[in-house]
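The following pair of complexes shares a single chain, chain A, combined with chain B in the former and chain C in the latter.
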Partner chain A sequence: MISVNKLNVSYKTDSGVARAITDLDMDVHEGETMGLVGESGSGKSTLGLAMMRILPKNAQILSGSIQVDGTDLMSLSTGKMRRLRGETISMVFQGAMNSLNPLMTIERQVSEPLIIHNMAQGEDALERGREVLRKVGLKSAVWKQYPHQLSGGMKQRAVIAMAIITNPKILIADEPTTGLDVVTQMAIVKLLKDTQRERNITMIFISHDLPIVTKIADRISIMYGGRLMESGTTSEIVRSPRHPYTTKLLASVPDVRGDHLISGIPGEPVSALRLPAGCLFRERCENALKECSSYNYEIGYQEKDHVAFCINTGAV
Partner chain B sequence: MNSQTEVMDYIKGSMRRTGSGVLGFWNRYKRNKIGVAGLGIIIFFTLMAILAPVISPYNPNTINSSLYLSPPSSAHLLGTDSLGRDLLSRDFYGAQISLIVGFAAAAISVFVGLVIGLYSGYFGGWADEILMRVTDFFLVIPTLVFMIVIAAVIGPSLVNVILVIGLLSWPSTARTIRSMVLSIKNWPFIESAMINGGKSNYIIFRHIAPNVFPVVFANAVMSVASAIFAQASLVFLGVGDITDISWGGTIHNAFAFGAVSAGMWWYVIPPGLFIILVILGFTMTGYSLEEMFNPKKRGF
Partner chain C sequence: MAAASYSTYLARRVILTVVSVFIIISFNFLLFRVLPGNPITLLYRSPRLTFNQEKALSIEFGLNRPEWVQYILYVKNALEGNFGISYYYKVSVTSKIIPALENSLILLIPATIISILLGIYTGVFSAWRENTKADVAVLQTAMAFYAMPTFWLGGIFILIAIYIGGIPVAGEYSVGSTSIINLMEHMALPLLTLVLVYYGQFTIMMRNSLRDVLSEDYILTAYAKGADSKRILYSHAVPNAMLPMISLIAINLGLMVTGAILVETVFSWPGIGYLIYQSIGHLDYPMLQGAFIIVTFSVVLANLLADIIYGLVDPRIRYR
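== the complex of A and B ==
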């Protein structure tokens, strides 16, 4: 369905060129949910933006391709790409609070993709908007309200309704639960999961919150410094992680019942402006070997779809 | 405070307006004494313009050569002009031209300023560069002098005066709108509209324009004031159709016939006072609207 091949993206900044994504390969199959996990600056949001082709002006795709159903998105004309956006590929992104126009009623805002893509107009579009709003659990009382009259969770539901109204094949959810309280987070995750199942949507769920991702994703890709560290099914990642970074991430999750201390990851994430040679994680890694400084990202572990980019996977 | 927060405050201000309807808007507006006074003045002059044929004691164009430059009397409350025409009637009729020129020229100037500001701010890059250099050009030339030159070249008819004023006073609106757009276009709901596949024009007119509207509205009311002033100045300086009845024209006549040095206050003061009042009315209203839409300016 989606196939990312050797993708390289960089940003030109005042302090130099920042490598946001380096040699990224990723395959997402039809109807599955791919969880994309990483710290801030790991390139996960950049990947989402690249898939929509709405990268900021200072970003540059150096090489590689992103294919959807065999079509290379980079080769499409601006007009064709625009038609794809919101119709075939939709996106729910960070900060739903602000992604609704303060001067539009909820029902009008939600039906907007239909109007933009000429799929429905006027009352017809609004009616379909209300239908989707009902589906995401928003009652008729809010249909004619404005964004500031809604709670954060309600706004996020409205944003999801807007993203699915055109029946897209692909949904990119970039940190859709960030900024919501825990109870609402779970409700939003459940809504996304149900919607994805019901409509057989291929979903990419981007988050820094590993526990949330394990609740919704079929497979998980762990990113660090713009590179893929490990990728596998959710149970493979959670039960038998192969990359030390994954292990560390899992150990950083607080456990309500147990009494184990949270062990954070020492050190700081690598700067995209000065990526070190060799393994990017080596300076923070307890299992680092001398060879890690000349590591060239050969696959260190592979079993079917489960891959880890580390030469010392045995030590985990 | 950064500019984004300021713009968000504008938006929230207008949001409340939309949310609570016209009645709610009026309820908040009427608490503003300056605004109510300004609106009262505007209504007063609008009524004067509409009812001029009814309230005027004489036909303003009737020439009575036996009665020229007569002082106020019970027959002619404000006396007569150099051709013996009733001055009170002419002062009433003058409201018509002032308001027509004011509204029409303001409409042109706000429309041009809005479109240029929207496109310039939204597209940025070379389009912005070109549009803003043109704006700078119009901003730095001495407007009144330029207006006189243009009006002299294309002829001083009423329509031409409106066009000249309208097409020369848009730059400040364009600049204001542009700076708001620069801030609004970075808000996530614009990105959201792009993600939904919206074309540039759709995003500009459907998403950005409504959000700058409150400022445009306040700006438009202020523009009416400056257009009225510009028209009065032009006519006073002799640029304009002398057959039109206008306050600037009456003052021009008064000067031409030495009425001012002869101490004929009834000739000059009423039209001058009307000009001041009507400009004050629009400025007060515009100021109050801006204050309402921008919570930061409240409490003055």
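== the complex of A and C ==
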């Protein structure tokens, strides 16, 4: 369904070039939920934006490809790509708080994708908008309201409604639970899970929070410093993690606001502006060997779909 | 409920406006009294008034009454639009100010509307092409005009008009004419000067406001929906970018008035600015006081209007 091959993305900044994604490979099968996990700055959002081809102007896709159903997204014309956006591939952005236009009623924003893609017009579109809003659990009182009148959880539901109204094949949900209280987080996870099952959506669920991801993902990819560290089914990742970084993530608990890991991993994540040679994680790794500084990202462990990029996987 | 909170907002603005009006009137009253010298001699510029003349004037202006009575009389007169008799013209100040105000508005309203529209258009053009050559060119042109002294630009236009010939450079009508064509011919140069000097600030405001909006998350959301640039700009970005413009426009209306004084003077346009300029020459204090109050009132009212519009377009104010 989705196939990312040797993707390299960088950002030009005032202080140099930031290598946001390096040699990333990822396959997502039809109808499954892929959990994408990593600390802040590991390149998760960048991957999502690259799949939508809406990276900021200072970003550059250096090499690699992203294929959806065998079509290379990079080779599509801007017009063709625009028609895919919001219809075939939808995205729910990090920070739903600001993802809604403050001057438009909820129902109008939610039904807008139908109008853009000529699937419905006028009152008909609004009616379908209300239907989806009801489905995500928003009652009629909020349909004609403006974003500032909604709570965080309600906004997140509205944003999800907006993303699924066109019945997309692929949904990228970037940190949909970050910034919400725990009860609301669980409700949103359930909503996404039910929606995904019901409509057979291929979903990429991005989060800092590995424990939450295990509740929804069929498979999980762990990213660090723009590289894939480990990838496997959820039970493989949880029961037999092969990468020391995965082990550390499993032992970490996100804080109340959910945007920082506490009791987490000592040290700071690597900076995309100055990626060290060798294994990116080695400076924070308890199992680091001398050879890690010349590690070149050959596969360190592979068992069917379960791969880990570490030369010391046995030590875990 | 929602509607009630908009009326609360409106009520608050109206009260604020009324308070501002009182402060302006009171300030004028005080100013008049703290100026050195006797108000009567100040008013009549002659230190050699006889005792009887001065007494007669004191009674006419109520200066023999207690201060608070004077104040109430002053406020009452001001609210009734009664600012006394012009020293120079020997007629009521109001009868001179009203036609001058009309002439100013004939010039200022179209100038304001055109410069705002031109500013918005060029600002949108620039922001959409941020950091390209077109953006820089539009921005630098706007800033160059904005930086030009009004009287200098007006003077250049007068020189050019005289050189070409056939374009009127002074006044509102040719002698004996009242035709609208004649009015428009006379208006062309002062209007052009005002628009050029003023549109630049709106360009810069609009460009910066829109540039900020374009980096908002909801714009990214609009892209993700598959919206094309037209929809991104006109359904999502521009309406949001207009919000800060409304209050900035209101603030800048005050500056427009100063510009009007300069332009009306350069082109001898018989508006309130030209009247102020002439009254300074005549040391016509009652006229100046009246004109200042009227100008300040207009700015305060324009601000109220901006607040009302702001409340109507921003749901965050309408439904709080």
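We take it that the second predicted complex is superposed on the first by the 306 of 316 C-alpha atoms of A that agree within 3 Å, B and C clash if a C-alpha of one lies under 4 Å from a C-alpha of the other, contacts with A are read in each partner's own complex, and residues count from 1 in each chain.
As a working rule, a contact is a pair of C-beta atoms (placed from the backbone, for glycine too) under 8 Å apart; a residue touches a chain by one contact, two chains touch by 3 or more.
Quick caveat: nothing in here was measured; it's all calculated off a predicted structure.
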Superposed partners chain B and chain C on chain A - clash or fit: clash
A:Gly225 touches, of chain B and chain C: first, second, both or neither? neither
Touching partner for A:Pro168 - first (chain B), second (chain C), both, neither: neither
First, second, both or neither for A:Gly38, with chain B first and chain C second: neither
First, second, both or neither for A:Arg82, with chain B first and chain C second: both
First, second, both or neither for A:Pro176, with chain B first and chain C second: neither
Colliding stretch - chain C into chain B, listed as 6-14, 42-50, 60-68 or 78-86: 6-14
Footprint overlap on chain A, comparing chain B with chain C: 52, 54, 82-87, 90-91, 93, 95, 98-103, 112-113, 116-117, 146, 148-149, 159, 162
Chain A partner contacts - residues on chain B that touch it in the complex: 11-12, 14-15, 18-19, 187-189, 191-199, 202, 207, 210-211
Touching residues on chain C, where the partner in the complex is chain A: 216-218, 220-228, 231, 236, 239-240, 313-316, 319
Touching residues (chain side chain A, partner chain B) in the complex: 52, 54, 82-87, 90-91, 93-95, 98-103, 112-113, 116-117, 146, 148-149, 159, 162
Of chain A, residues touching chain C in the complex: 52, 54, 82-87, 90-91, 93, 95, 98-104, 112-113, 116-117, 145-146, 148-149, 159, 162-163
